[in-house]
Amino acid sequence: MADEYFYALTLKGAKASEVWDPEAKGAEDYQGGHKLIIKQALLGPDAVDGETNVIQVEAMTWKESIKIPVAVLKSGTSGQVLLDLSFPDPPVTFSLTQGSGPVHIIGHHLIGSPIEEFDEMDE
Amino acid sequence: MADEYFYALTLKGAKASEVWDPEAKGAEDYQGGHKLIIKQALLGPDAVDGETNVIQVEAMTWKESIKIPVAVLKSGTSGQVLLDLSFPDPPVTFSLTQGSGPVHIIGHHLIGSPIEEFDEMDE
Amino acid sequence: MADEYFYALTLKGAKASEVWDPEAKGAEDYQGGHKLIIKQALLGPDAVDGETNVIQVEAMTWKESIKIPVAVLKSGTSGQVLLDLSFPDPPVTFSLTQGSGPVHIIGHHLIGSPIEEFDEMDE
Amino acid sequence: MADEYFYALTLKGAKASEVWDPEAKGAEDYQGGHKLIIKQALLGPDAVDGETNVIQVEAMTWKESIKIPVAVLKSGTSGQVLLDLSFPDPPVTFSLTQGSGPVHIIGHHLIGSPIEEFDEMDE
Amino acid sequence: MADEYFYALTLKGAKASEVWDPEAKGAEDYQGGHKLIIKQALLGPDAVDGETNVIQVEAMTWKESIKIPVAVLKSGTSGQVLLDLSFPDPPVTFSLTQGSGPVHIIGHHLIGSPIEEFDEMDE
């Protein structure tokens, strides 16, 4: 039976970066795995007008670790995007590779049990 | 077997705020938990033209309570957004931290039973 | 085992309104319930240019019946929106509270059996 | 156990039209039903600039067959839309009722078995 | 029980192309199938301003292999799109048929077991 928690992260200031790594932070020994689903990425209302902000993620794919932009946000024209991205395994590093934000990254964090581990095949 | 209800909230006037807290409001003793899914956030047609409206949520994450903007709405350019956010646990406080709205927040409210509690791992 | 049907509704003319109420319209006695999922709301190509159209819904929430705008459409700038709204119980009334449309409202209609009734907790 | 296939259709030229009707086209006798999910509708890069293109569908609802626009596309301003529409039963006819395209319609085609037939109640 | 991996691909330079073909690349002998879900397609911040970029996919449908554009991206106006496309079977070839990118294509890769193979009928 999976538990689910609201997830929210703010990156503020050039090159700001944060790692989602529930297993590292002394998390009690969870049987199952952790999964992160990111739904929204948005620029705060206090972001510098007209500045381009780029959110990069670093995460493991099937064969290798990869760094890639997942959102390019610019206040006034494209300040918010529904990402709907799944990160099946920690750690995942979110970084502001361009712009000074603040950018807000929002979704939910699932802590599974081995039986139901990520049987997302039905999505 | 989960029950599901339409959910809709309007915030009108500067600093307007409302708490989603089904367990507190004398709700009959529900076995399972409550879960809120927010799909839409939109400015009403009567909102002040050109005014920036910011919807903030306050909710518990895995380890702490957090306040974060989830939508920045401006009539004429970005007046409506599909949020698709899940709030697995009450209470959740929605506030208008900027602008005077009205903003409309729409989704559905799930009242679960312990067996199926949040087995969203398959999403 | 749920049955599923395509659902489509057009509202044309000021104050146009229509009720989704499968149980009332002499629907055969369905064991389970009815659920409506609305995915798209869009202005027809023949809508008055620059006119603001507002789609309101009236539906039961957990505790009360409520009327609220769910889409503000304006041809040329924001003529179409992915709503992804769930209406777990009939009746639901769709109304054009502003503008003369035509607006097209599209989704699908689920007729459930009691066993699987709305176990959407896993969404 | 359902089988799933990528689905893609292009409509090019005024009044272009195509029917999705897997059961008619000499499809082997499939036990279960067919379901079509359309995710994207987009104008090709070679579409006439500034021309409004309207995609209409004709499909059976619970009680009747209906024709309705599902996307209004105009290159430069609104050339692509995430539709996320479900068509539980063939046939479905896609037509270009305005404009000369090309429009591209993309999603996936599910061929079910009777046991799991459209138990989308959990969506 | 399905396994799930983050998936990310960058196409850079005119006519850039890449095949998703997990079964070919000496992948250990996986019982079940592979499924790719693409959620985001976006132009990198370093893309040529005002240049139209077209992402084409080549994949098998129910009856034939097909090539079709899935995203038309132009920095400044439509630089990012939520695709939410499912590719039930490898191989799938992603190509930049117009523009020089870089375009970033992001989603997740599911490796199923035969029991749960693509029972997406419930989506």
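Order of writing sets the labels: A, B, C, D and E. Residues in every chain begin at 1.
The rule is simple: a residue touches a chain if its C-beta (ideal position, glycine included) is under 8 Å from a C-beta of that chain, and two chains touch if they have at least 3 such contacts.
Every value quoted in this text rests on a predicted model; they were computed, and no experiment measured them.
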item	value
For chain C and chain E, chains touching each	D
Interface composition of copies chain D and chain E: same or different, split at half	different
Chain B and chain C: spacing of chain centres that average the CA atoms, whole Å	20
Gap in Å, rounded to a whole number, between the CA centres of chain D and chain B	32
Junction residues of chain C, two or more chains touched	35, 82, 84, 117-120, 122-123
Touch list for chain D against partner chain E, complex	1-8, 10, 22, 35, 37, 39-40, 42-45, 76, 79-80, 82, 84, 104, 106-112, 116-123
Complex interface listing, chain E residues touching chain D	35, 52, 54, 59-62, 66, 68-72, 77-78, 81-89, 92, 98, 115, 117-123
